[in-house]
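Two complexes come next, and they have one chain in common, chain A, joined by chain B in the first and chain C in the second.
And now, the complex of A and B:
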């Protein structure tokens, strides 16, 4: 009797622990998933409120210099040593961080486009985009910045 | 070769201008070009360094603004040929035991240009390299710039140098003109004025109002000419006074000459007076002969006229009378000669040289002198030795002058021996005067030597000086030997004296034949 009670208690405890671990695992994955999602922000001047992914990549690779109203395109990115920066390199440019740097170095060196501005924090990036006409930046998609995000192919997250 | 002041000024100015022009035209451009090239190289190297730094920051910090600014700056230069990023990779072998360094061109601007990774500078391009090392990439920036800018700058420097040289040359020429005008012209004016002053025109003045040394020289010159003018006025006044004094002196000299002539005449007359007695004695002898033979001839004529005289006796008487007349004529001529000699001695006239038998002349002069002193002092005794050279015949002399000299010297000789005779008691001493002649190669030497008192060295130096005498006052004028000296000199001869005090004196007269 006593033994069964102890076993039941142990089972309950294990179940609790497993449940806790599952909760923790799920919450972590949810967080990673949430972090994996990127969004595009843009300055009110010049930057359209929606665009296609192709158009986005054209802009972000410096192949397009000006917006439709003539405003110069200014690209803002998170540094490649940040998770968002690495995610951006992978998702937008399909490159590693180093490859992205070489990519931009080549472009800037040959004068084919203006250099993007890299930031350490998202706040700085958002602030920069908000203050710079024609600026477009890649940020982490969160619920707080949902309203500011530009729809790409009709979606606010990438 | 005479180089004028103006030429010297021009040479100096031109030398300075040429040196300066050479410096500006050659040295300065070369230095400028070197400096320019150095700066250009440095500037390009700095650009390469800046770009390399920009690349490094861009890669490490992900800040591409720096490299973009540098690149924009480099691109803005029209002389840029290319700018490349060279990537340096280390390639290991399979065993990872050795490696090779591989340099490749990562990117080049302008796009499409092929770049040699080992390219270096040459005449048309300057290539500079600056390395960078990052975790992402090691490499370097290779920057190529055209040298057109330097070539253009060199041309500009040469043109500027040429223009500056031209300006320097023109300024130098202007300075030359200015110097010539301010130095040469006043100096030449000063020279001309000085020349005219030298020629006696003291009205010359220079007008130079410059405040430099030349102006001061002009002022000094004018002051000098003023002083000279004043001095000349003073000299003129002095000259007038001097002329007046000179006239007075001339008068005095004439008076002195007259007095001297009178003195000489007095000396002559004194010696003449001294000789009068001797001459009278000399004349007395022939006169005695003349008188005696005249009286004898008169007696012979009376005897001739007597009736008893035979023809044979008459012939003898006539022979005797003839002989007497010859003797009278002989002694008459002798007296005549003595008188003529005396006249010659006293006459104040300039004689002419005539051939004279010098030995005979000395013979007569000696006799006259001896009798002269004997007439004065009848107790005077002296041995006269005559040592005449027979080879001597006639000599061209002014006889009255040489007579005067010889008689004067003989008088002195007789005076000296008489003085010694009076002063000394020397039993073995015998007063002696030696008159001699000697024919030398081209000279007739006359010697008059005595063994009288002699002359001291101190006196010997002065004996030919006018008015110097050792005789007591009233006995000599002091002009005798002085006149002798002048006479012998006027004959072109020499008179010398040798004497030893207390032993005697010898005068030697050398007359050129």
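And now, the complex of A and C:
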């Protein structure tokens, strides 16, 4: 009788520990996924409020010089040595950070496009995009900037 | 009144004034750089080579380039090169390689004026003097044989990434061969028409046409590393070029070919051809072994180009340290009408800054 009670208590404790571990594991992964999510922000002038992923990539690769209303496209990116910059290189450009730097240096050197502006912090990038007509930038998707994000293929995260 | 001010006080005031001027100049320059999005970059390379039982170290070029967005539609690009020159009193020359003023008049369409790298070829229009971008140590033979007019001073219309095929064009009118950067040597202008498409990511297919009428006694100042004969009669030159480039993931391929037709009343039509093919394979992220083949054949009745039929094979290895630094090693075996058979080993360390 005593043995059974002890076994049941042990089982209950183990079940609680496993449950807690599962919760911790899931919450860690959910927060990592949330950190991984990117969003697109744009200045009120020129930048559309929604676009397709194909159009976004065309713009971000410097293949388009002006928005539909004629405003010059200005690209804002996080530096490739930041986690968001690395994530942007991978998700948007399908490149490593080093390849992205080389890609832009080559394009600018050829005189084909203007260099993007790179930032160390998301606040600086957001402030630049807000103040620069035609500016578009890639940021980390957070609950606080959800309202400012441009829909890409109908979704606010990338 | 002034006599009451002590010399010490005057000196202090002057020092403070200079300090204020210095601060305001620095601040204004920084502000202007921010407003105009001005960027200054550079490239430089050093080499070591072994040929005919002799080893040598050498300096390559120091290339400085500046880009600046002057307004919403006007931008500037300047490229200057400092390089060794045996004929210069200082043994170094400075040359203006590109000065381009660009006006974006609509969408992806631009008007350009200044000194350009003639947009005839992929290599000439892509790598310019940035050795860190070159897939091999040196330019292909095509750009050292006097055939390609590397520079043109003039005006052009340019379109980029148009439509689904990412169509691009360059239509250029400029001072022709034999002229210089400030004056044309005859009444004829050179005409360049170049078109390309980029149907899939990494692939670019292009074709171009160049036409110029050269006066007698014209020496070309628009060519680099290539020597041409001095003309005793006027000549009409036409160049037709095709190029295919694929750089994506592990694979690198680039091939270009030019047919050059020089026509005079007395010697008739002389047709020469030149080409190269490059292939590289990215074994790992930073390691790229590669090969290149160069070939040229000149017409027997050619009077302008030096008739130096050449075949060259090259094998090399590129170590991409990062996007601003690269090391390359090459072995080249070439056979030409003038120099005969030559074996050469070269190493290069090229950087951007």
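Here is the rule we use: the second predicted complex is superposed on the first by the 137 of 158 C-alpha atoms of A that agree within 3 Å, B and C clash if a C-alpha of one lies under 4 Å from a C-alpha of the other, contacts with A are read in each partner's own complex, and residues count from 1 in each chain.
In the analysis below, a contact is a pair of C-beta atoms (placed from the backbone, for glycine too) under 8 Å apart; a residue touches a chain by one contact, two chains touch by 3 or more.
What you see is a predicted model; the values in this text were computed from it and never measured.
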item: Fit or clash - chain C, chain B, common chain A; value: clash
item: Contacts of A:79 with chain B and chain C, given as first, second, both or neither; value: first
item: Partner chain in contact with A:118 - chain B first, chain C second, else both or neither; value: first
item: Which superposed partner A:101 touches (first chain B, second chain C, both, neither); value: both
item: Touching partner for A:64 - first (chain B), second (chain C), both, neither; value: second
item: Touching partner for A:93 - first (chain B), second (chain C), both, neither; value: neither
item: Location of chain B clashes with chain C - one stretch out of 4-12, 22-30 or 76-84; value: 76-84
item: Intersection of chain A interface sets (partners chain B, chain C); value: 98, 101-102, 105-106, 108-111, 114-115, 117
item: Chain A residues within the chain C interface of the complex; value: 58, 63-66, 72, 96, 98-99, 101-102, 105-106, 108-112, 114-115, 117
item: Sites on chain C touched by chain A in the complex; value: 37, 39, 41, 65, 67, 69, 72-73, 75, 77, 98, 100, 102, 104, 106-108, 125-126, 128, 130, 133, 160-161, 166, 285, 322-324, 352
item: Complex interface listing, chain B residues touching chain A; value: 55, 58-59, 62-65, 67-68, 71-72, 75, 83, 85, 106-109, 111, 136-137
item: Contacting residues of chain A [partner chain B, same complex]; value: 79-80, 98, 101-102, 104-106, 108-111, 114-118
